[in-house]
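Shown next, in structure tokens, is the structure this report addresses.
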Amino acid sequence: MSFVHFNRRSVIKMTAASIALAALPRAARAQQLSGTVRIWTFLSSEGQSPREVVLRNIIGRFTAAHPDVKIVVEPQPFQELETKFVAASAQKRAPDIIWMRDTFLDLVNQRHVLANLDEVFSDEFKTKVVPDLFPVFAEKSVFDGQRISLPLWPSPAQVIFYRKDALAEIGIEAPPLRWDEFIAAAGKLTKGERLGFGLPTNDNSVSSFINVLSGFGPSIFDPSTGQFDITGKEAQETAKIVRQLVQNGSLSPTLLNAMGDDIQDQFAAGRFAMVQAFAPRFQQYRDIAAAYDGKQLAVSAWPAFGDLPPSVLLGPYWTVGLSASSQNIPAAAAFLESLYTTEASLEWGKVAGLVPDRRSTLDDPFFSSPEAANIRTFTELLSAPGALTFPQRLPDITKVFPVMNTALQELIGTDESVDAVLSRAKSTLGW
Amino acid sequence: MSVSSSGVRLHPERALTSAARQAKLVGSALVGPALILVIAINILPAFYGFYLSLHKVFFFANEGYVGLANYAALFSDPFAWQAIGRSLLFTFCSLAIAVPLALLAAMGIRRLGRWGSLLLTVLLVPWAMSPIVVALLWKWILVPSPGGLVGALFAAFGRPPQDLLTDPMLAMPTLIAVGVWRNFAFATIILIGGLGQIPKDLYKAAAVDGLGALESFYKITLPLLAPSLLIVISMLTISYFNEVQLIIGLTGGGPIRQTNTLAYLLYNTGFVELDQGRGNAIAIVMFMINMALIAIYIRILGKQPGAAA
Amino acid sequence: MKFAARLVLSLACLIAAIVALGPIFWAISTSFKPTNRIFAVPPEIIPLSPTFAHYSRLIAEGVQWAFLNSANYAVLAVLLSLLFGTVAGYALTRYPVAGKPAILLIFVGAMAVPGFSVLLPTQLLASELGLYNTYLVLPLLYAGHILPFAVWVTRAHFASIPRELEQAAEIDGYSRAEAVWKIVLPGAKPALLASATFGFLHCWNDYVTGTTMVDQPELRTLPVALIFFQGFHGRDWGALMAGVAIATIPPVVVFLLFRKYLIGGFADGSVKG
């Protein structure tokens, strides 16, 4: 295949383009913008969801300011964005702007298909906007000194949703934040048809096992390899937590390969008191609540081990990059910048209930209003002491989640020894 | 060929060859477009797939020729062997349910006359649906909640909702049931045709000889139905062995690899893990198994009396 | 005794019909329920406060264009396969063709290639030929998938028609092409319709080829568009079931219209090899 050659060529082309670009006076750029900018995201330009509405408004404002630029949104299934983008890059039909999950950045970057954003952004954007983003997310996109994407919608990702009404039955307001106490509470919450705790164990980019493991803090990831020790002491401890939750009945051994979507449906139907859930789905969870009052829904960090701070694993989350083979880098870069205006950040918050990308926007009165209570909770989780991200280079990213999910299914659904299950996962990954 | 009437008498042999050659040319020209399209779309990619299976291809980058390493890795992987086992289990359990059910339906429908053809039409509706749509539909029907259709049925019998898709004991049987639901009626059509070709006189003669219904079923119906059964079994085998959309939509290969068939392993390796060299090696293995299964059926059922028809 | 047998048979038929159609009915029922009634306990078999909201959402998100694409691709592919398939089927029965056994083997072999297993190389080839993401790629691929079947069906049919029929017409002054057009083809109508129906169902019901060969929204097929409602915020069961209903109508209508030929074709053996 000619892909390897193509990479080299595209890198040269991109470098040439950025040199030519740097030679242009910055002021002249804005007026000259024209042509088409193709965007791959999971949002549709005709969609009705809050985020889609905000994106449409941003596009509207951008094309009003740059009437010669045509923005074309080509939505793709969200699990396939990175794959489709790399395939399209190899086949010379990549879009200009691409939405990607942070966990895939390293792999996508290895194919040299992303532009260095520091070379295309305006000076104003680099000095005023980039430092205003949440550093924990923004700095993760810098690979070997090259900024290959920008985080969008800072979010605590996989957190714990719980029903306040259910917890009130056992006299607590929020899930305990230490595993020993959490397990006991989950056991008490298991009653009749209701389970104390629900975990999705079949999504390709989510691993509940790693979420529990993250209660040991960032040291679980080896800084040089990005791997975690699958058979190590912390992992063994994690496996024991899972087994205890099964033993006291709060995790069901017949609910092994549920996906996040299944957990969401069944939570709405009242099957769980607490579940692992994707934080940005909070509003959706409320809307479809059937067996309880949606107002009773609340969000919590993950319990930790011993005296460590409660864990918040920040990811996977969305980032936005620019194709190295884009034929219209100036317009694409300008559009990318327009996603991060103060106005846009406010709108993501007000319309879509998201934590704003620009930290300075949080000073806006809206974010102290009662309707922004959830956003405040999410913001607190983001800056909690136990917050950590996946390592920049998590190897075998396409395999690690499915393999750990199967291991988790085995821990929940079989009597096999913890050692056997974890060793098998380790050898499958070849770590 | 009407060579003798063409008037060419002096060199009949040459005339014959030139006319035959011309006919051959016309024939080949007429078959050509279809042949080229079929080769380009079905055969060529298979060869390209074989070529890729000899390379390390990961995430769309070809990292070079590796010989049979992908195959070696595949055959030394216990999960791959397990997947072959799950495929055979899924295929043969589905067949064992679908074929007798189809035969029963075919014999029943033939007795029912007009109502029978209406029933056949009704039973065929699921077969006309897209597998991915069927998967979506059943995912919704099987939602383990008292608000789901199956959940409500359980509730009617005083039972809690069952985790039919996530319980390791139940996932495979549920998948088989959905697979049979979708296409057993297709087998029914062919069997109705096969039953129609059995001369009625044979049954009359059998009745005169004092054969019971069961005996005449074993001695007349089954042997004479062999050609139709051959077609039904091979078509369903290919269909079930390669089924992947239902598994993607319903179980994702789980729980604990219970529904991780070879077809799903191919999807997972090639399209999720993006190990495309190895994915193509699995595809080649699947193709070989497909061919082998068909060859076996032709050998076994081809020897049955009545198969010559 | 006879009455009892009749009763058992009727009861069995009724259960069979409910098992076959019940799930589809449930999908249609769900598609008319407001979102907050979808998980209601006990479930409403018939929606108590029906709504068209899910259908209008499908329209608002442009699903009708995907519907149209699916229909166009299927029709184009069926026409292509009938044209090439009939011509080839005729030639294979009436003309000496170089390497005939090998050609027949290729057509049979092609039917045994699981389309899904060659997706990856097909995508790479389509991309190198510049066909990826074009309006023609799916009709061409689908035509290639259903062609072997069309050849097989028409060949079997032509083989059963005596050559003398055409020769008689040729003696009457028709050219061979005219004879085929006026005498042979009309007789082949059942075989052609059976092959067309089978082909249409294959194309309309495909998901994996559609999702791997185009990624431009304007070119998408209906099943691919539907998957978007299993989206980022969870499954929208109302919209999904409305989609299931819409996606089920065309194949079922086509099937009902032409079932005579399809069932007849398979049943009288003219469709089998």
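Here the chain labels run A, B and C in written order, and each chain numbers its own residues starting at 1.
The working rule: a contact is a pair of C-beta atoms (placed from the backbone, for glycine too) under 8 Å apart; a residue touches a chain by one contact, two chains touch by 3 or more.
All figures in this text were calculated on a predicted structure; none of them were measured in a lab.
The greatest centre-to-centre gap from chain B, using C-alpha centroids, is found for A. Across every pairing of chains, the maximum count of C-beta contacts belongs to B-C. Rounded to whole angstrom, the centroid-to-centroid distance between chain A and chain C, based on C-alpha atoms, equals 39 Å. Remark: chain B and chain C have CA centroids separated by 16 Å (rounded to whole angstrom).
Within chain B, the positions touching two or more other chains are listed as 145-147, 271.
In chain C, the residues that reach two or more other chains under the touch definition are 38-41, 124, 227, 230, 237. Across the assembly, chain A contributes residues 1, 87, 265, 269, 290 that each touch 2 or more other chains.
Here chain C touches chain A in the complex through residues 35-36, 38-41, 57, 60-62, 123-124, 127-128, 132-133, 211, 215-217, 227-228, 230-235, 237, going by the rule given at the top.
Those residues of chain B lying in contact with chain C across their complex are 20, 23-24, 26-28, 30-31, 33-35, 37-46, 48-49, 52, 105, 108, 111-112, 115, 117, 119-126, 128-133, 136-138, 140-141, 145-149, 152, 155, 181, 185, 189-190, 192-194, 196-197, 228, 231, 238, 242, 244-245, 263, 266-267, 270-271, 276, 279-280, 283-284, 286-287, 290-291, 294. Per the touch definition, chain A reaches chain C in the complex via residues 1, 40, 42, 44, 46-49, 74-78, 84, 87-88, 91, 93, 260-261, 264-265, 268-269, 280-281, 284, 287-288, 290-291.
Per the touch definition, chain C reaches chain B in the complex via residues 9, 12-13, 16-17, 19-24, 26-27, 30, 38-43, 80, 84-85, 87-88, 90-92, 94-98, 103, 106-107, 109-110, 112-118, 120-122, 124-125, 140-141, 143-145, 147-148, 151, 201, 204-208, 223, 226-227, 230, 237, 240-241, 243-244, 247-248, 251-252, 254-256, 259, 262-263, 266-269, 272-273.
By the touch criterion given at the top, residues 1, 3-4, 83, 86-87, 90, 107, 110-111, 193, 201-202, 204, 252, 254-259, 262, 265-266, 269, 271, 290, 398-399, 402, 405-406, 409-410, 413-414, 428 of chain A touch chain B in their complex.
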